[in-house]
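Below, chain A partners chain B and then partners chain C, in two separate complexes.
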Partner chain A sequence: MRKSLPYLLIAPSIIALLSLIIYPMGFALVNSFKFWNLQTSPVPLYDTGFDNYRMVFQVTPFTEALQNTLLLATLATLSQFLLGLGIALLLNTHLRGMTVARAILIMPTTIAPVVVGFLFRYLFAPNAGLVSWLLGAVGVAVPPQGLLGSPDTALLSVGIADTWQWTPFFAIVLYAGLLSIPEDIIDAARVDGASRLNLLWHIILPFLRPVAAFLIMIRFMQLFNSFDLVYVLTGGGPGTSSRTLSYNLYQEGLVNYNIGLTAAMTWLIVIIVTIIINIFIFTVFRRQEW
Partner chain B sequence: MRNRNLLNRRDFLKMGATAGAALAGVPLLQRASAAPTRRAQPEATINVLTVGDPWDLALQNVADQFTEETGIGVNIESLGYVALQARLVNSFLTQTADADVVTVDQMWISQYADNGWIRSLDEFAAADSDTEIGDFLPEVLYSLSTWRDQLWTLPIAAYAQGIMYRTDLFEAAGLDELPATVAEAGNWTWERYFEILEQINGMEMDGTNFFGSVVIGAQPVPVVHMYTQLAASYGTRWFTQFPDAPWDFTPTINTPENLAALQDWVRLYNWSPPESINYLWFDAGTRFSEGDIGMFYHWTPYFYLVNNEGYLSGTPSPVVDRFKTAVLPTRTAGGEQTVSLGGWSLGMPSTTEKQDAAWQFIKWATGADAQKAMGQVNVAGFQFGDFSRLSLYEDSDLREIYPFLDTQLEMMRLGNGKIVRPPAPIYTSLEGVYGLNLNQAMTETVTPEQALETTQTLFQNILSGNNMIPYGVESFDDTLENAVALIERLSS
Partner chain C sequence: MRVSASQKILLYMLLGIVLLLFIGPIVWFMLLAFRHPSETYTIPPTLFFNPTLQSFATTFVDPGNNAPQLVNSLIVSTGTTLLSLPFSLAAAYGLSRFRLRGKQFIMMWYISLLMAPPIVFIIPYFILMTQIGWAGTYQAMIVLLQTITIPFSVWLLKSFIDDVPVELEEAARVDGATRFVMFLRVTLPLAMPGIIVTSMFAFVFSWNNVIFPLTLSKQATATLPVGTISFFASTGVYWNQIAATAVVAMLPPMLIFLLLGRYVVRGLTFGAVKG
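For the complex of A and B:
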């Protein structure tokens, strides 16, 4: 019993892992090599080799979707981190009203992305939308077809909506990280004549590095799977200008019902995300045990 | 010292026993909680899955009449378009009797019929003479309900396409009224349509600056619905040979007539509000009802929906009594016309065990009495004039409510849902890439020539990849004449 107890204890985790991750991934892998389109047959018909992987590039805008996804994930994560850091530093100044600000700040993250999408559809509306009006008021030219209707601004608009929702998350978590920095180190640096910029660069940021890196990684992965906002705001358009990989998956899987093709696309995305995240981990955490 | 966070063996066993007892009790609890619910359900209650279109609201308003007449209870669940398709496919794949009657889009018929997911209604219709199948417009049954010489569904709402235009603006511009019937059409061509748009675009009347038209521009599906009407009028066909046998799905997208249609489509967009590049069906309809659009074409339900300020809002719009309907123009004067004919029909899933009750409901909901009752529902405005039966187009009560029925009927008579948006297997995939490229042509990121060339290549790849070229399965000569023969067979 003593020998088997550890195995018993980890068994639920293993079962959960197998049933929720390994099995679906294995199922997708097997089907990615089969011809299975529910528009023509309810069951897989035959093996196709790598045809589904080839078709991903031939019949779906996979390359455009990958470019859009990378652009959205990188720029939105970066802007959310920078804005979040700024807000966290502001919260840490102990000015009046910061307690209320903290309480209000968390609210956008609690709203469902679909609701955020509808909210921003109104804000971005070309004639009566607040954002369009504000941009016009400060002399920024809004495309005549609206921010969501122009290929030049559609993806950017999705990024803005996402940034509005998730910057507070960065701010709150980074603020918690700031609170964990020992005051005496900050005081010592100040006594030694360190400027605010020096404090930020040489003390605060190094202390925040593990938290920030983890946050960036999590948000990047979430943004890599962006679907809700794209679905509500632009439907991936105009053209393919805001189509993301997840939207591409949805289109092939839940609209076109091409299961084999969708399975192949899923695996391509898994491979890409795994490579990107491992490069990130190797770069950021290479000197740290985690 | 004992660590609080570590679990000892006794605690673990206690928790295991508790969890085991709980798990063992779950089925009992489920049975206990399910039992009263099951007893509360009458024996013959059927579940109906519908889609959130205007007709669905009308149906829900009159569904009690079915229960009064037959004693069969009805639970109607209304879903969005994509959710309905996902729910249906999921239930069919898992062989779950999720519903007894399902709403079927015309594009899904081939998929559902060929996969054996819905039951043929031939026997039911032939056995019940009161189905009055001969009263249905053959064009509607052909477009919405038949596949491979069998009847799979019965139509509950049929849509053609037609024109709506502002009479006050036309008067101000010195333009004649547009033809309401084909007999009056004479020189009514698309070129004339564009000339009028050019004239009224930018006109000012009563402080309103008018756009000539409005388009449904959103990709991938909505834009296809509107564009294909123009393309079909220009003579565009999707495949080398379909629905006539033998089927040859070699795509015919990159043709001179389709290029002319797409070039004119881009012109049409330039006379429309720029934001209409992202417009869905109801966005375009409600934009007309807002009062700054001169003329546009759309599905016929908008003949009555534009009377509302918003989509089914019930508030009269500024265009009430200021617009009329007209027939679609042809490419050449007096030339051939093909009208897009679509809509929804009711089918019976293979999984249902309540076949008789399901058939009773299908027959009732698509019958003349229920359809008339639906047409008379006045909640948030009248909201159902999408009749499939000829007798209803001649009904004086309905003609009073829906004064455009003659125009609508003329468009239905020229309708062919199997040509304009052919319900061939894998249509959905083709529609997806078509819509994407049409939308890109509108953004002018690609030229119409490039858009059609790309679409042609993608069609070829998709069709070849799905074993449709060459087509190895037996074809069926799917013509209107054969559909009429089927109707006669079932009627007799």
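For the complex of A and C:
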């Protein structure tokens, strides 16, 4: 009894979660080998072997969506980290008012991504949207269809909206990390004549590394899965220029009702995501004890 | 850090720019909710205008199509939070207080669920819920949101229970208390702030979730964020009403984060960073 107690305590959560995951995984596996479109039939029609897996690449812009997703996740995570680090260092000057600034700075992160989408649609509206108007006023050429309507800037705009929402998250967590660096280490380095840049590079950044790695992992994966923002801002367009993997799956499944094809796509995405998560977990948590 | 007066001015200017960039857009969007439809877009954009409450009246009073969505959001978020608590509290206590084989693996498994793309589950869930007659019900959303709130809550609660000194429990045990009584009398009260903080975060995450309500609610059970999307009608975009609904949807998470204060860092990092 004593030995099994901890397992009994953990079991309900694991059973609940497994039952919520195994069903869709199994469902997707079985149906990925069948032809099934909900518009023509309420049940799967016939076996197609690996056709669905091939069709994912032939019928849907899967490769392009994968490229878009990787580009978005990499660049946005990197910008958020760098901007967040800068703001954290600014907060860390401990000038009067920084505590209040820290408390209100987190606000963008609290907003539902869908609402952030609307907010940026309003800002990015062609001509009269605040950002478009400001850019025009300072002489930056905005595409006539607007930033969201042009294939060159649509994905970039999604990245900007996400960066706006999540930079404060990096800033306040990295600031908390800065606060945990022992004062005397910084003082000792300064007494030894270390420049500010040296201090940053050799003391502050190594200290922040575990926190930074954790944040980058979480944000990269959230961005890799991003759907809400894309759904409201661009609908994956124009054309397929801002389509992400999640949006591609949504389009095939809940717009075209192509269940078999979507099931195959589910497994491809699960495999890709599992690989990335494992790379992250093994690099981020290798030396950590929980 | 010692800074000179001129550096100080520079730093404050930087802070001003940061706040303008990150808070300005929110204010600008909130103003939209108070604008008259004819003033949605003006060239040049104007900061000052005659405010009207018309958009709030239309969305929440007469005809007030969004008022039931506010109630739905409350039902779904509260239900989700309450359902995930017993599961995650038990698991967090087990993981915090016992030596377990594969503990690290179990913790990683929870967090990898938080990093999985929920969209890949949507179609099977949609079909499952239709088959068992749960499509469009509150319970469909509440059960599926557990895939997010349980793993999150286990991590955060574990970090709070880790903070409760084991010695206090052991003292109670010496007095002959059973483990369950010990948990109720000692650990639970001391972990209560953590339980409240965790519940508040779980509430916000459910509140802001769109993918499950978008695909699994019907008109009568749609939540507020889904309500904002419905204004994106083919007949035109009702910007002022979107903004009015969005402002109401934005306020609870904002207030909760202000209340959470120093726990924000801890919650957003699932307990991994203790702010």
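Methods note: the second predicted complex is superposed on the first by the 268 of 290 C-alpha atoms of A that agree within 3 Å, B and C clash if a C-alpha of one lies under 4 Å from a C-alpha of the other, contacts with A are read in each partner's own complex, and residues count from 1 in each chain.
The rule is short, and it goes like this: contacts are C-beta pairs under 8 Å (C-beta built on N, C-alpha and C of every residue); 3 or more make two chains touch, one makes a residue touch a chain.
Computed from a predicted model, the values in this text were never measured in an experiment.
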If we overlay the two complexes on their shared chain A, which of chain B and chain C does A:H94 touch? Say first, second, both or neither. second
Does the superposition put A:M221 against chain B (first), chain C (second), both, or neither? second
Have a look at where A:L205 lands relative to chain B and chain C in the superposition and call it first, second, both or neither. neither
Using the superposition on chain A described above, determine whether A:L254 touches chain B (first), chain C (second), both, or neither. both
I'd like to know which partner A:T262 touches here: chain B for first, chain C for second, both or neither. second
Once the shared chain is lined up, is A:L5 touching chain B (first), chain C (second), both, or neither of them? both
After the superposition on A, what does A:T109 contact: first (chain B), second (chain C), both or neither? second
Contacts of A:S246 with chain B and chain C, given as first, second, both or neither: second
Applying the touch criterion given at the start, work out whether A:I22 contacts chain B, chain C, both or neither, answering first, second, both or neither. neither
On the superposed three-chain arrangement, identify whether chain B or chain C touches more chain A residues. C
Chain A residues contacting chain B in one complex and chain C in the other 5, 9, 125, 127, 254
Once bound in the complex, which stretches of chain C touch chain A? 1, 3, 8, 11-12, 14-15, 18-19, 21-23, 25-26, 28-29, 32, 41-45, 86-88, 90-91, 93-95, 97-98, 100, 103-104, 106-108, 110-128, 143-144, 146-147, 150-151, 154, 179, 204, 207-211, 215, 225, 228-229, 232, 239, 242-243, 246, 249-250, 253-254, 256-258, 261, 264-265, 268-269, 272-275
Which residues, counting only chain A, touch chain C once they are in their complex? 5-10, 12-14, 16-17, 20-21, 23-24, 27-28, 87, 90, 92-95, 97-98, 101, 103-115, 118-120, 122-123, 125, 127-130, 133, 137, 164, 167-169, 172-173, 176-177, 211, 214-215, 217-218, 221-222, 224-225, 227-228, 231-232, 245-246, 249-250, 253-254, 259, 262-263, 266, 269-270, 273-274, 277, 280-281, 285, 289-290
Chain B-facing residues of chain A, complex: 5, 9, 35, 37-42, 51, 55, 58-59, 61, 125-127, 143-146, 148-151, 234-241, 251, 254-258
Of chain B, residues touching chain A in the complex: 7, 9, 12, 82, 85-86, 89, 92-93, 111, 114-117, 217-220, 274-278, 425-429, 432-433, 436, 439-440, 442-443, 445-446, 458, 461-462, 465-467
